[in-house]
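After the structure tokens below, expect a handful of questions from me.
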Amino acid sequence: MIQFDFSTIAFFVFAVLTLGGALGVVTNRNLFRGTIWLMVSLFGVAGFYVLLSAPFLAAVQVLVYIGAIAILFTFAVMLTRSLTRLNVRYTRLWPSALGAVLLFAMLVIGVIWPVFGGNEMYSLPLSDVVRTTSDLGVALVSGEGYVLPFEVASLLLTGAMIGAIVIARDADEEELEQ
Amino acid sequence: MVPLSWYLIVAAALFSIGVFGVLSRRNGVAVLMGIELMLNAVNINLVAFWRYNTTIASVTEPVPSELNGVVFAAFMFVVAAAEVAVGLAIIITVYRNWRSVIPEEADTLRG
Amino acid sequence: MDVLNEWAFIGVFLVLSPILPILPIGAAWLLRPKRANVLKSQTYECGVETVGDTWVQFRVQYYIYGLIFLVFDVEMVLLFPWAVAYHKLDFFAFAAGLLFIFLLTDALIYAWRKGVLVWR
Amino acid sequence: MDCTGLCEVLTQGGTDPGLAQFLSILIGVVLVVSVPLVTVIFLIWIERKIAARIQDRIGPNRVGPFGLVQTFADLIKLLIKEDITPASADRLLYNAAPILSLAAVALIWAVVPFTPYHFGVDLEIGALYFVAVASLGTLAIMTAGWASNNKYALLGAFRVVALLVSYEIPLVFALLVPVMLAGSMSMFDIVNAQAGMWFVFMAPLAMLLFFISSQAETGRAPFDLIEAESELVAGFNIEYSGMKFGMFFAAEFLHVFTNGVLITVLFLGGWYFPGWQMPLIAFMWLGLKAFIPYFISLWIRNTVPRLRIDQVMRFNWFFLVPLSIVNVLVLAFLVMILKEIGWVPVDETGAMALADATFIELLPMTIVLFISNVLICLPIINRLRRTGSDDRVADEQRAQHAIAHAAGD
């Protein structure tokens, strides 16, 4: 059935990294450590991208999440300082744990296993060939491709940057006045 | 190679952990971390479906729709980045004004 | 499967490269004197005992730099495929990339005009 | 998976194919890892010698011939130094940070093509891999600062991270230029595209930007204000001692040379040298060429005074970032136009292909691009000069004002 070759072992390693890291994020009382766990988890996700033959996404995952979003999270943790020492404060701990377990069970038993589990069609990728980054570039900017979302993404980023600067700057000016 | 359902199960587990994080934490930064986990679970699904479901007709002539999974995932990065940037900026400002990072306590706008 | 073979190399590299620093640190751990005492392991700040929190209040400025960096980093996600495909693009596709850069430069100009880029 | 070379030999010798493949990968990794390991030991000696000569000293000369064994003596000294972990530190992260710091630099070497036949691995996304791996170093610094649980360490880490992320933007924009010219992110393809003409002649500005920002990425003078070892506390590594401190320094020494190698691969034509091509000599060319940016980096480190943080930030956001964006735009536009008038070598599908072009074919294109770069630079240099003198005048006025004020009291 399932061969234990290199990629299968790698799959399990990345699954452990991803899910273990995610559990670390939600259970750690210290937010900085939570950020580090988040990075471990997202690093595992980058590994999945490699296994799924999308190495470009893997590099981007490391670049964007570990290089930038992690830094942003640590800055935010330090800027809202007293919280790092806050004892862990959960609201609705058990209801939400139960809800999450139920959600998982529903997804697996209700959707994933009946639809994709025994289906031979989804046991192997349909084609061995994969597209390169160069093809991705052509698809992103060609007229019949994704050029409109491409430009909208740029607008979204511009909007997010201006918005975030406006919001964060208020706090900065207030502080300088004091 | 592992079958598609394994990726979906891992993604479902990641999504559920993210939901747990969002629902149970009171700290705004921790809630955003949970949302990041959920977004990444979605991304795994997008790329996995793409990998297992796309037929590539010809190697030399790429059709844009053969890359939809990767393109969607790339746009998800954009969305995630915008969300983190604005979300954390709001949390910082709320903290400076109310000395609190608990979303429920910033309720001045409530009618 | 050739691609995975390459990445297997990176995977092994990823596991082995921490060994490079771990070996000397481990050797030092075996050889070095271990005579810790309370005074030695205090926080090294200025000789006087540490006062207050380590988590001093930081300025929002740091966050704004991180934020602009994040936006440019994500821009790279979409620009690198464009740059790789640049050699075979027609003029329309090329102009789409230029428009993308221009739109983001707007945000930079806004930040510039608002003066948030100046370290105060 | 394919099985060639060493793997093939092992399989014929009776080893299980999977094991043979794993072994061949393992041996490859060990070989590639050992290159930076051996290099860093000699780099420390070279750097100390060069620094000493610039400062009119002799440098290490007691242990071994020309002091060559000095580094090993220092290593032994570091091995038997006491290593203190502060009581209030986060032990796990405190110990992980120096390991991650050096590993992040060593990982870059996986994609460096040494010769046409000797390289770790030729990733399709090599250039992006290098940026992604380098960002692990930023996280290591942040972790070190936080885990030390020390005000100065944390402040130092914050400043250094703000500086690193700021200078990463011009670095990545400069990296776009060789990627655009070669039409690939693979380091191997980038070197091959320089067979006829090195990119340094087509895009000198991009190389300059890459060099300046990589100098900042290593935290060397004039960008070492965070560390400022001669006047301030050490910054993010204040609490580190013994071998862990040594690892941060080894990472820095190695990073400088790694940047030299990367500049060589991206802009100085890698293993190519006019009229002389052989595998082993190719390796030598790469090393020799890498020494040029490395030496200039050391030269700057030992002669240029340290800048203030506001100056460093202003230099980046008001000069380097706009300049790097303009550089990419102008280059993209010019190459597009040159392709229309037929000055760019193309393959049969009409796509730009520099790899098979000869020096003569590339010459017109290179001249146009070079002149455009000079034209961009001229107003920028003028602007920099004016800003510098304005600043100086303002500083002097402020000083005089202060003196007059003091005398008036």
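In order of appearance the chains are A, B, C and D, and numbering begins at 1 in each one.
We take it that contacts are C-beta pairs under 8 Å (C-beta built on N, C-alpha and C of every residue); 3 or more make two chains touch, one makes a residue touch a chain.
Just so we're clear, the structure is a prediction, and the values are computed from it rather than from any experiment.
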What is the identifier of the chain with the smallest separation between its Cα mean and the overall Cα mean? C
So the centre of each chain is just the mean of its C-alpha atoms; given that, what is the distance between subunit A and subunit C in Å? 17
How big is the gap, in whole Å, between where the Cα atoms of subunit A centre and where those of subunit B centre? 5
Averaging over Cα atoms per chain, report the distance between subunit B and subunit C in Å. 20
Residues in subunit A with touches to at least two other chains are numbered 6-7, 51, 53, 55-56, 60, 63-64, 67-69, 71-72, 75-76, 78-79, 130, 133-136, 138, 140, 142, 153, 157, 160-161, 164-165, 168, 171, 175
Multi-partner residues in subunit C (2 or more other chains touched) are 1, 3-4, 7-8, 55-56, 58, 60-63, 66-71, 73-74, 76-78, 80, 83-86, 88, 94, 97, 120
Of all residues in subunit B, which are in touch with two or more distinct other chains? 74, 77-78, 81, 84-85, 88-89, 92, 96
Spell out all pairs of chains that touch, sorted by label. A-B, A-C, A-D, B-C, C-D
Touch list for subunit D against partner subunit A, complex: 1, 18, 22, 90, 93, 123-125, 128-129, 131-133, 135-136, 138-139, 142-143, 146, 154, 158, 161, 165, 168, 183-185
Contact set on subunit A toward subunit C in their complex: 6-7, 10, 50-51, 53, 55-56, 60, 63-64, 67-69, 71-72, 75-76, 78-79, 81-82, 84-85, 128, 130, 133-138, 140-143, 147, 150-151, 153-155, 157-158, 160-162, 164-165, 168-169, 171-172, 175-176
Subunit B contacts subunit A in the complex at 1-10, 12-21, 23-30, 32-34, 36-37, 40, 43-44, 47-48, 50-56, 59, 62, 64, 66-67, 69-71, 73-75, 77-86, 88-93, 95-97, 101
Per the contact definition, I'd like the list of subunit B residues that touch subunit C in the complex. 74, 77-78, 81, 84-85, 88-89, 92, 96
Which of the residues in subunit A come into contact with subunit D in the complex? 5-6, 32-33, 36, 39, 55-56, 59-60, 62-63, 66-68, 70-71, 74-75, 78, 132-134
